[in-house]
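Here chain A shows up in two complexes: once beside chain B, once beside chain C.
On to the complex of A and B.
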């Protein structure tokens, strides 16, 4: 299939200036290679079709085979994130949420079914490390006290501060304790 | 009787979104831009400071350091960066991350996994415009990898291949050229565009040796040689190779693409119509020959 549209220099009457620039009068000679100037559109995909003649294009057959359509459906992503199915074992370390019944607070999993515990680097030189626990519902102060005890047990010599935002359901630790907190929360079933 | 102006306005207001901080504009004339002052003292320096190149806009040429030996001439040429902007890149995905995606049902191990499935999970970032040529499967979390899958990646090392085959799975390393990668990394967008599925081009000269190597499970390698190397790798790493011939999922585990094919089960040259749920196949023999070879 040709992709270039050609303008004939000889037949058209509006290219006198161009003909003069070429120097030779080509109207009497048969030089098809020189007599055409290719026109390049700015973008191949947006350029008009080469010909309005349908015989220039390929014919096609239509297939509605459901076996072939299965392969098309496998290429389309899931519209929503599904709840993970129950499996006999999870070797990646991930566990489905199974919270204790008597807890005064609730920690909601993220949309990706992960624990909402994050290690955040901030400050002018990105060297101030904070640990954030998000989506806490209920008695956030009870969780704060519990996590403070866990962190001080793991790091007895370290002095750290926490900040509780009750409205946002957010606890911020000054320091890098994400792995300790994640491990503890997973062990408790959150 | 003609509708009054305020009635029209109230009717309009009923259909409009509720007025809040995000859709009100500032009061006209409240934001005044300061004008450049003129006159004896109102004009003054116009924010350009007192004297110097900033007041006169005669800046020094770039790289000039007022008499110092300039930085760009101070250090010799560093050839190890030569052509770094042209090198192929493979953003990493670890076996631990892959296992996590399987555990949380973001990837279905019951079907062949390729770049489309990994990108559709939404947990892997890749941009073919930044010379990203696909997934590099890394060995982090190899000890905890237990899934039995048929996976196709673009780059893998020997321990990764061993970790996949130890569980009875199969792995293939396959090359895709950038136009194919655009289709693979966002398959839905590509199918919606209504363009024919492109054919896969052969790898560049410096990648041919990798993708024809049976040790790397290249897609252009001899299949008999690959099955021999599967056994050799099992003996090297000390595990008994599960017999995939006797596996109930044998068909799935040995399902492969043609070297010219980019999507499983769909041939290059076909056009998919998502709205009418049909596939258009060209019949022109010249076009068919182009997509074949």
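On to the complex of A and C.
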């Protein structure tokens, strides 16, 4: 019933707006049956080809040459993070780990080969700043004492506290000391 | 070369195709292995494995490789284990969150309590609004009535499903493996081949080696050798799972964890890959139940 109404509206003479929008006069056209299945043009498979002539399309050939495959492989992302190649100096300023032999603790680099020292903002207004040192193995208390000495040397007037989580290998400083700690640890070879 | 032969010699001759599954080990030549066995293979031997993503902190873990084909324990050799998998400081909180997740994510609440609209009756105003000196009431199923409807009661079905972050799942598995290793509850065997399908053989073996009583066997394949499958099927506290079924709950539920060499290889490979893959940030996004 609704369809019939629609058709009558389209073909009727008094409905100029819709007719203008459709662009064509449907009253003279043969409309599809109501129960017919429409072609789903959104699916690329049901869309007809632009041209049936294959010469109109870009040509391609399938190559199984491993030499050519190397160029494709360069474009693919690495599945795992690579170990950096050994160089005397890196343009980024990154330094490979060269740990001191006599340290009672060990700081493991992250999977991205970076120092696990982080500046973390927290609290209700994100204004409580903490500095976290992670992946500490061995005598974490020795490192805690050492870093506290370093920070109080750099900021003699500041009062700060640290929290040591030995199980998680984590030291938390209240305050923003990430750059001081990073600089110190890198100078030590961590 | 030596490593290849040793690994080959570990496996019984019927199970040689399994040796090729080890990723760092090339094709094993059957003739070579037979020659070595004929010459009288000197065991125990140390098997050095090329560990992926090696650590430079001086930690190392080694474990004995045992046999399963006799009740008496024979030490066939030693293997290197990756310290990031088998020797991390165990995080009990991570293990707990894994256990909690495993118990909750499959839970569906089926308890439903009717609200006032779903209760029977209650359409009529119980008494007139004015003139009786009583409080005004509109329905006998209002929530303040005895046998009234419930406001905000449990509605079914509600799912308890949630997804634990990827790194918590990884840390839980690594912590549990490290705990088992540190407590001497982790045993590595060359293969799960036993000579008989009698369950008393497995029980004797476990008692002789101070395993268990509950033992979880983990192999790389999801088809276990017939004898151990039949034997373990009759003992309720001895179970076999493939590597892809390894989980924190099952590891803690069983006293002893028995891994085959190929299972160790596969577990290390999978966990290390997920720890070091380059798209970790994308994987550690909060899991959305509604993906649309």
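Simple rule for what comes next: the second predicted complex is superposed on the first by the 124 of 190 C-alpha atoms of A that agree within 3 Å, B and C clash if a C-alpha of one lies under 4 Å from a C-alpha of the other, contacts with A are read in each partner's own complex, and residues count from 1 in each chain.
FYI, contacts are C-beta pairs under 8 Å (C-beta built on N, C-alpha and C of every residue); 3 or more make two chains touch, one makes a residue touch a chain.
All figures in this text were calculated on a predicted structure; none of them were measured in a lab.
Peer 1: Should A:169 be classified as contacting the first partner (chain B), the second (chain C), both, or neither?
Peer 2: Second partner only, chain C.
Peer 1: For A:156, using the defined touch cut-off, is the partner it touches chain B, chain C, both, or neither? Pick first, second, both or neither.
Peer 2: neither
Peer 1: I'd like to know which partner A:124 touches here: chain B for first, chain C for second, both or neither.
Peer 2: neither
Peer 1: With both complexes overlaid on chain A, does A:111 touch chain B (first), chain C (second), both or neither?
Peer 2: In the superposed model, A:111 contacts chain C only, not chain B.
Peer 1: In the overlay, answer first, second, both or neither for which of chain B and chain C A:62 touches.
Peer 2: first
Peer 1: So in the superposed three-chain picture, is A:78 touching just chain B, just chain C, both, or none of them (first/second/both/neither)?
Peer 2: both
Peer 1: More residues of chain A are touched by which partner: chain B or chain C?
Peer 2: The partner that reaches more residues of chain A in the superposed model: B.
Peer 1: State whether A:87 touches chain B only (first), chain C only (second), both chains, or neither.
Peer 2: first
Peer 1: Return first, second, both or neither, reflecting whether A:97 touches chain B, chain C, both chains, or no partner chain.
Peer 2: The answer is second: A:97 touches chain C but not chain B.
Peer 1: Based on the A-chain superposition described above, do chain B and chain C contact any of the same residues on chain A, and if so which?
Peer 2: On chain A, the overlap between the chain B and chain C contacts is residues 77-78, 81.
Peer 1: Using the touch definition from the top, list the residues of chain B that touch chain A in their complex.
Peer 2: Interface residues on the chain B side: 96, 99-100, 102-106, 111, 116-117, 120-123, 141, 144-146, 187-188, 191, 263-266, 271-272, 274, 277-284, 287.
Peer 1: Report the residues of chain A in contact with chain C in the complex, numbered from low to high.
Peer 2: These residues of chain A touch chain C: 77-81, 97, 99, 106, 108, 111, 137, 167-169.
Peer 1: Okay, in this complex, where on chain C does chain A touch?
Peer 2: Answer in residue numbers: 55-59, 89-92, 273, 275-280.
Peer 1: Going by the contact rule at the top, pick out the chain A residues touching chain B in the complex.
Peer 2: 58-65, 68-72, 74-78, 81-82, 84-85, 87, 89-94, 112-113
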